[in-house]
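Note that chain A is present in both complexes that follow, paired respectively with chain B and with chain C.
So, the complex of A and B:
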């Protein structure tokens, strides 16, 4: 294979593996967005919060990063439930989407402030034996952390998919997603569904945060650069579609990584957004979004 | 590299839009009307203050000359993208405040720093300096962090006739404004990599790298540095095998780093603005089992403990960074400052960020100008700083040209060796130790 061909294949592999990590970070966002009409601007800082929780457990208790998820995922579920109960359910339904931007931005600022006070603003990074190791396969180096992160994404997103499409609760979620009022009429406790969804969405973010922290140095401010990319993934994938988040994340990263290698990194975003515009002009609901949108 | 760091736009446009919309929407219509009235009021006050600034800048309690504290205003990025550097700068300013007050203040006036946060926003930093000058009536202003924020801030200070001495706005774009009130105490950015490039060029041919890679962030701090170094290296026969600019907002460096690794370049000059960028490249290089013979990054490795924590101590060996100061710098005031820092904030001397020295130097330069002009008249201070006088700072001598660049600042290169951050270049400079070359393999 020519040197350029080798680099392109490596870029595709990088894009697929990194896309899994981004999907983990975006899954919660699409769930919350799809079910509740809430644009969770705090998603980026929640990723960082997940990373810091993993950092705490790793540094102070010596817990492996993946084992630590047993603690951090439930912890962020509780954070999500509290945020939904304290702020989201109090938003008037008509203004929910617009107001949610402001409220979740305020939540992001509060969490950023608390993290700054608690951890300072110096960058830290999660460390484990697999963070710097890689597997040499067919002439390509595959970083262990990205392989593990992709596997984690597959498991968690698969579990989330199973919950949404194979359980009674999932049916309630999908009913709420399609038509909140009709769901109420057939006996779905929409508020309860929303609370659990918000909690689940934030809980999944704990896993994304852990992998993010193991692949990037971060500080309490690191969430802001993430949020625009996560929103893009969610829109491209289709609001409320967990599988769409994975597909869109992989597509985005593959396009950007290949363009960075073949052309120039400076054009990566431009090309990706051109693709995004093209896709949305053909499919306004995104790659995996449902044509039947919520009737409200 | 600290000299005039120009962290450019790593804050996403989306974030700025969110910040703006948040402020507007939460206040509501009453707030919009109030804001309009307030804006008119502020403009009127600003105009008055501006008229006053040219002759006799106010200071707190100006009716008690000789005893009342002098207010000095600065906007710093205490949150947002530049918060790590902003907080280090705040510490530098406050350490200087303690130092000058312990030595009798400025012309007998105790100094009080009036520091406000700009959240790393170029919009907010301009607003902050307007407030500091026209509402807080500070007598003097010190610069913010980064060239990105220095540009709008210096314009405001210029409008009010204030001298604007700063320590982190050394990008060519700052001096291209040709503002007469701007003075950067740090090393001009574009020359920062020269000692490193000249050292590579001076190596015997058998040892000299033959290929070089230049990945750089699209930042006014990094971009001017690499072409200067590239020209020196190419003249010495070091072939360029990779030169690409990447966006400052990039969050996934893996493909870029892998592309660099694929070239097998023997020397890598990375145009980085912070620790995460360097950390991401190093991790990707480690994972790709790629070990260049020399590796230098324009910023990040100078961040002491933050850098070591991010990349791991085993991966620091041989990593280099250009700079104008380090905690072991052989200067009496510098040593006293480092001791004072450790006493006040804890940690160890090697963990003191170079930003601290830049901020401290700003205070020193202004103090000497105040003393020489016998007052707080900004016009006289500006004229004095343009007079060609050589001043002293913890970073060494300071002498400004007509654009406000520090002509006397010397470029150095530093290297991590066995967990220590050491001055290595220029090789014949006092305090330099031998460069660790070739760089040890990652993890060694």
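So, the complex of A and C:
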């Protein structure tokens, strides 16, 4: 293969591996949207919060990053439940869209401010024995952390799938997704489902944040970049569709990595958003979106 | 709703209410006259450069919040990408004044309306694409377009990249330096408020409100929804672009991450919301409260981190206690009090 060809294939492989992690974070976002009709702008900064929690545990307690998830995932679940309980359920039905975005943005600001006060704005990175190692396979370099992160994402997404499609609770979530009123009529406690889903949607950012922090240097400002990418992914995937978020995450990360190789890394970010604008100007419901009435 | 209730009520109450509303109208006129006089006289009363510098930023944000509200407040479409227009205005002034080697001084102010025009021109294609979508998708699309602009400002060569672009530095004496920017800002504010009033009191504004309440029904009743939304969007971008240009000239040097600041998007939305979405006075009040607060924190603690916490917490508190914003809540409370008094007067 020509050198460029090898690079492109390498970029595709990288894109698929990192796309898995983005898929996990985006799945949380789209789940929250689907059940509650809310866009959680704080999702980006919550990923950063997850990364900082992992940082604390690994630096001060010497806990392995993956073991630390046992603490950080439940911690962020609690954060999610508290935010839902304190603000989300108090929003008036009529202005839910606008208000939810502003409220979660304000929550994001508070978290960003607290992180800046606590950790300063210097970039930090998560470290572990597998962070700077890679496997050499068939002429390609596969960084260990990408492989581990992908495996983690696959396991957690599998668990999410199992919860959604194999449990009674999952059935009530899917019922609430389809029609809140009808779900309530057949006895689903929609408020409780919403609270738990918000918690779950936020909890996955702990895992996503850990992998993000191990593959990127981050500071409290990193939330903006993350949320803009995650939003692009969930809109492209069709809001509320977990499967669509998976497809869009992998697709977008592959496109970004390939553009970085064949064109230039500085333009790959622009392409990310340009794809969204281009797709939406042709197909306002996104790539995998359902009907207009639901997606909008 | 209240109008229907008024029709059903006895005449004497109606008369009491008419007298009161005349009184309220007079008081309101006096209040606005005093407010304008205070705005005009402010640098004379407080000549301290630190204070007037805060005043310049405050007037810039009063304009931006008013302009944002003229579109988002009345149409119900929450745009979180107006920083794209702010930055476009800023870069228009910075790039042109540098490229044609403009002499520093009053002449550069002539580029301020041009900044607005370029921003408005940029808003046409953006609006045509973004306004095809609604609600969440619209919000996200405006954020995405904003990031494209920020990345372009960083990556294109004519913008000076991440090292930014300087604007001509006028040799005005430190004493009245800020005042010139302050009064230029007041002109921009007058334009933005005039646009809002024009929208509010016209058939066009009613069409916009109809879109906010039910776009499909408005379309069914013959409102040219796309055109109405687009015109409001472009008008809003114009005022934001103007103050963006003024901001660039005032600062003397702009960088992509500050001219295109995601916090700007949230700030103007919070200001408009805090004061009261879809009111004329709301965004003014919101900006008057929040922008000096931010400047104070920046000066006092030399870091804006704590300010983020205060800002966010303040907003969340308002949501919990005054979910409609300050102006509508207070107005509602006053109206309720008048009502009670009128009831008592009747009894």
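Definition applied: the second predicted complex is superposed on the first by the 262 of 296 C-alpha atoms of A that agree within 3 Å, B and C clash if a C-alpha of one lies under 4 Å from a C-alpha of the other, contacts with A are read in each partner's own complex, and residues count from 1 in each chain.
Going forward, contacts are C-beta pairs under 8 Å (C-beta built on N, C-alpha and C of every residue); 3 or more make two chains touch, one makes a residue touch a chain.
Keep in mind that what you see is a predicted model, and the values were worked out from it rather than measured.
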item	value
Touching partner for A:266 - first (chain B), second (chain C), both, neither	both
First (chain B), second (chain C), both or neither touched by A:151	neither
Chain B versus chain C as contact partner of A:216, first or second or both or neither	first
Which superposed partner A:110 touches (first chain B, second chain C, both, neither)	second
Chain B versus chain C as contact partner of A:78, first or second or both or neither	neither
Partner chain(s) touched by A:70 [first = chain B, second = chain C, both, neither]	neither
Chain B versus chain C as contact partner of A:137, first or second or both or neither	neither
First (chain B), second (chain C), both or neither touched by A:185	neither
Contacts of A:159 with chain B and chain C, given as first, second, both or neither	neither
Residues of chain A contacting chain B in one complex and chain C in the other	98, 101-102, 105-106, 112-113, 116, 121, 220, 224, 228, 231, 266, 269
Chain A to chain C touching residues, read off their complex	33, 39, 87, 90-92, 97-99, 101-103, 105-110, 112-114, 116-117, 121, 220, 224, 228, 231-232, 234-235, 239, 266-267, 269-270, 273-274, 276-277, 280-281, 284-286, 295-296
Residues of chain C defined as touching chain A within the complex	76, 78, 80, 129, 132-137, 139-141, 143-145, 147-148, 151-152, 154-155, 262, 266, 269-270, 273, 277, 303, 305-313, 315-316, 319-320, 323
Complex interface listing, chain B residues touching chain A	10-12, 14-15, 18, 21-22, 25-26, 79-81, 83-84, 86-87, 120, 215, 218, 244-247, 249-252, 254-256, 258-259, 262, 274-276, 279-280, 283-284, 286-289, 303, 305-306, 309-312, 315, 442-443
Interfacial residue positions of chain A with respect to chain B in the complex	3, 6-7, 10-11, 14-15, 18, 41, 98, 101-102, 105-106, 112-113, 116, 120-125, 127, 131-134, 136, 141, 143, 146, 215-222, 224-229, 231, 253, 256-258, 260-261, 264-266, 268-269
